[in-house]
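In the part that follows, the structures are each spelled out as structure tokens.
Two complexes come next, and they have one chain in common, chain A, joined by chain B in the first and chain C in the second.
Showing the complex of A and B:
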């Protein structure tokens, strides 16, 4: 299989392969920046365009576009607190506070570099584990999925936005919203208020746009301030500092990338979970976590490395079993089948060249998107200097159109407006928007995987599975480790204070 | 009762409605997660409301900031109700025009009118912003995206 690497690079860098790579990447970046639009939409749009192309070039264009989406999605999240997609939600937690401090270039530099390198890590891991992919995918079942979602939900305890009491209440509200729609086990439709709109539940994208984009636009309009106030760093120096910050926090980056890749391997979990778990992990393992949520660059590096690395992982079930773990992968499988390529165990034996073109495009598409973003960062950062009366109405319009564009449903615009108000009041009264969105993302998965675990394995069967047990211990460690680590430090500083006071007494 | 208390009361009412609604369904659809979570949020919201009201009353009696389990009242961000109502009035107009006419009309009309009437911007810059965003939206959503 590895013999196919050089011929694949030849295809990508030949003419017109490179043109399709650049074209696909640029289109993907546009979709990534626009709120509400993501990998699924760009692939659906490009699919008919690629029918006339050779399979290799079609794959280059499609993967180039899909791979660029999470990279570009961080831009609007950092500049305007409007995540381009659910994969970029966690980036806003520290990216937007940095933009408010006039350090948008610094944050974008870190996001672009960690995205670029995260994709490299994801692709490298993919190449290494493809031969073992079958065993890895088969070792995950409902109890493991359940424990991963529980781990994600436990992040709320680490976020520290508002009081813990209100954080838990916000998460409860998010879970309650996730229960609207069809029950995952019995298929009963719950809380639909007699409308067809709620039959499929409350959709994530309009809620996310409302909570973050529209509520932020309301704050900007009513406070009558620009995003960054008076202190803005222009020029490339901030961007380079952001890039360097990734290397200075290499451990955070590497942990985020590996977590992202592993979560990507699990079908149905996806980028929205990967970036949240990577953020929580970065905060849990940080020595000084007081600056998280207020503009800590590690809070940008961890989620951005994870959401790009997860694409590498997501190819494992897609290519080995033909199991689409997400909407993007489902469309990609459809595209491959149109060209007579059937993903599955035979693919690695029959068409290793296609696999290598796919992996190579993922890497070079992300490199290209990262470089373009680094080059644009100083210009993009200027958006934060614009007056609120210019920026906020445009956020409102693009947010509403983005929420409509995802599913083409007018009701989504109303939901976005309602959650804009909810987000505004959450901020005003100290509730946690982040806890609500995490719970909404994970609520359906938790409920479904819990009951399926109980039905298939029972409590004992679920908890005695090694990976489930490992994940349970990791979750407990994630919650307890910060406290354990703080204790020796606190003891030491207390001891130091005591000895200093003793010394001063002795000297006296 | 302050606006903060009304908001907490709304959360309690919503969770009570969901708890009551859970009884309409059978099996895991009701007596699993929905029942447990809405019950928990209801109890937490009521406890918060009681604690908040007590703390406010104590503060009023003592003439100082209350020692409540929530941020003290002075940390609540002031809400500009009139401003919010005006913005939502404009947004409702935007939705009506987008639904019954076209979003291609609604976008520039909203940006121009909102800029002039709410933000007190001059007419020419507002018209330029409305036209340029309207054009960009037309190119992206009408020419580029098939979903519109």
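Showing the complex of A and C:
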């Protein structure tokens, strides 16, 4: 298999392969930047075009485009608090505060560098474990999926946005919303208000756009200030500092990348979770957590390394079992099938060249996207200096367009607007938008995996599986560790400090 | 039912569709006569309820290209993915479009039949102007190695319950097909739903479930890791000469209840002359070499039924599912 590496590089770097790589990457970046549009849409658009191409070039163009999406998706998240896709939600937690401090270039530099290097880690791990991929994928069943999603839900406690009770209430609302629509077992429709629209439940993309983008546009309009206020760093120096920060926090980067790859391997969990879990662990393992959520560069590095690394991991189930971990992968499998290439155990034996072209494109497409973004960063950062009356309408239009474009459904725009208002009031009254979105992402998965675990294994059967038990213990440790580390006295004084600072905030 | 909202949505969708059509045609929206159907430079939309990338999408796109070539004036034929609502969103688009032949649908036959039969949805599957069946992927049942099953004889007539990796809830079309098979052969089916056939297949390979049903393209790449039980065909298939067909097992009627037959239809009330043009073009498109080659490459099974035969297929599904309705809805 490994002797196919050099010929694959030959295909990618010779004419016209290189042209498809550059073209695909640029198109992917445009889709990544626009909120609501992501890998699924760009692949669906390119799919008919690739039917006319040789399979290698089709793969180069498709993977180049899909791989560039998460890299570029961080841009709008950092500059405008508008995550380009669900994969970039966690990047906004610290990326946007950095932009507000005038350090957008610094944040984009760190995001581009950790994306680029994260993809390299993901692809390297992919090449190394592909021969073992089968065993890894098969060792995860319903109870393991369930515990991973529960672990993700418990991260809400670590994120600590607002007070605990408001966090719990926000997450509860998110879970309630996650249970709208056809239930995964009987197919019975719940809370659909008699419309076909709610049959599939509340969709993630319009909610995300509403909560983050539209609510931000509303508050920008009401504040009448630019995103960054007065102090803005222009030029390349901030961007380079951002790049350098990735190496200064190499541990954070590496943990994010490896977590991202591992989560990518597990089918059905996917990119929306990888960036959140990476952010959560970065915060949980940091010695000094106080700056998280207020513009800590580690909060940008962890999710951005994870969301690019996860693409490498996601190829494992896709190539070995033909199981798409995401819409992107589903479309890619469709494209491969049109060329008569069926993903499966035989693919590695029959067409190792195709696999290597695929991995090579993933690596070099990401390198290209990272470099382009580093070059653009100083110019992109200027967006934060624009007046809010200029920026806010643009966010509104892009946000509504993005929510419509994902599925072409008018109802999605209404959902985006409603959650724009919800997001605005959440911010104003200290509820947690992040908790709501995590619960909405995970609620459906938790429900489905719980049912499947109970129907097939039962409680005892589920808990006696070693990986499930390990994940359960890790989750408990994650929850109690912060409490154990702090003595009761320290906890009390911290609580007192918090309530004092809240009072002063309320007065201000 | 929230009729008002539905109507509003329809009129909005209809308005938008009409606007696009008018823009595309560059003329006022006067019902087209067959003589000028389809007009030069016009666009025909094939609505499908699936997202891009799956076998329905692939078949529809291959067919769209062939249809464009074989219609008079070579109009643009585009595929529109209208996912959601268990297929109802796409079906509504087709049912409520102007009956002028410019909106067609490629749908999975069972999914059109079930909502009125089981959920009491208010439409008649036979009211659509059916044109043809264009694809009928080979469909088969396989067991997991861990289940210890080696042939369907170990299941049939036992009355035992076998855990099935399904791709939808208990009342989903594919699950119902499997349950009807269980009823006919004399065993119970306990379906565990999964997101799609490949995830279901993974559960079979892991050995977490006893068996599943799915299409040949999905299962064949992993055929060494599962135990084929029987195929939904009238005869054995060349790739699996040792595996009995369902007809051989004495249950030919199950052929009409299982499988993912893709059928092409137009809006109810489309004029006969327009339908005649579409029927002729669809047959020519089906015979088109590029379409046939593309379908073979994509592991699909292009199988033609003409307009009359397609109606018969739909009617048979209605009759068979209606007869079993009470038993299926039990519990």
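Keep in mind that, in the parts below, the second predicted complex is superposed on the first by the 481 of 508 C-alpha atoms of A that agree within 3 Å, B and C clash if a C-alpha of one lies under 4 Å from a C-alpha of the other, contacts with A are read in each partner's own complex, and residues count from 1 in each chain.
Heads up, the rule we're going with is that a residue touches a chain if its C-beta (ideal position, glycine included) is under 8 Å from a C-beta of that chain, and two chains touch if they have at least 3 such contacts.
None of these values were measured; they are calculated from a predicted model.
When both complexes are overlaid on chain A, the residue A:410 reaches chain B and chain C alike.
When both complexes are overlaid on chain A, the residue A:389 reaches chain B alone and has no touch with chain C. Contacts of A:188 after superposition on the shared chain: both chain B and chain C are touched. By the document's definition of touching, of the two partners only chain B reaches A:401; chain C does not.
Of the two partner chains placed around the shared chain by superposition, chain C is the only one that A:448 touches, whereas chain B remains out of contact.
In the superposition on chain A, contact of A:165 is made with chain B only, not with chain C. When the shared chain is aligned, no partner comes close enough to touch A:247: not chain B, not chain C.
Contact with neither chain B nor chain C is seen for A:13 once the two complexes are overlaid on the shared chain. Residues 183, 185-186, 188, 408, 410, 451 of chain A contact both chain B in one complex and chain C in the other. Every residue of chain A that touches chain C in the complex is listed here, in rising order: 40, 43-44, 47-48, 51, 137-138, 141-142, 182-188, 193-197, 199-200, 267-268, 317, 321-324, 327, 330-335, 337-340, 342-347, 407-411, 448, 451-452, 455-457.
Put simply, chain A touches chain B in their complex at residues 30, 34, 37, 41, 45, 162-163, 165-166, 168-169, 172-173, 175-176, 179, 183, 185-186, 188, 190-191, 218, 221-222, 389-390, 393-394, 396-398, 400-401, 404-405, 408, 410, 413-414, 417, 421, 424-425, 427-430, 443, 446-447, 450-451.
Put simply, chain B touches chain A in their complex at residues 3-4, 7-8, 11, 14-15, 18, 21-22, 25-30, 32-34, 37-38, 40-41, 44-45, 48, 69-71, 75-80, 83-84, 87-88, 91, 94-95, 98-99, 103, 107, 110-111, 114-115, 118-121, 129, 133, 137, 140-141, 144-148.
Remark: chain C residues 1-2, 5-6, 9, 12-13, 51-55, 57-58, 61-62, 80-86, 88-89, 92, 163, 168-172, 190, 192-196, 198-199, 201-203, 205-206, 208-209, 217-218, 220-222, 224-225, 294, 297-299 touch chain A in the complex.
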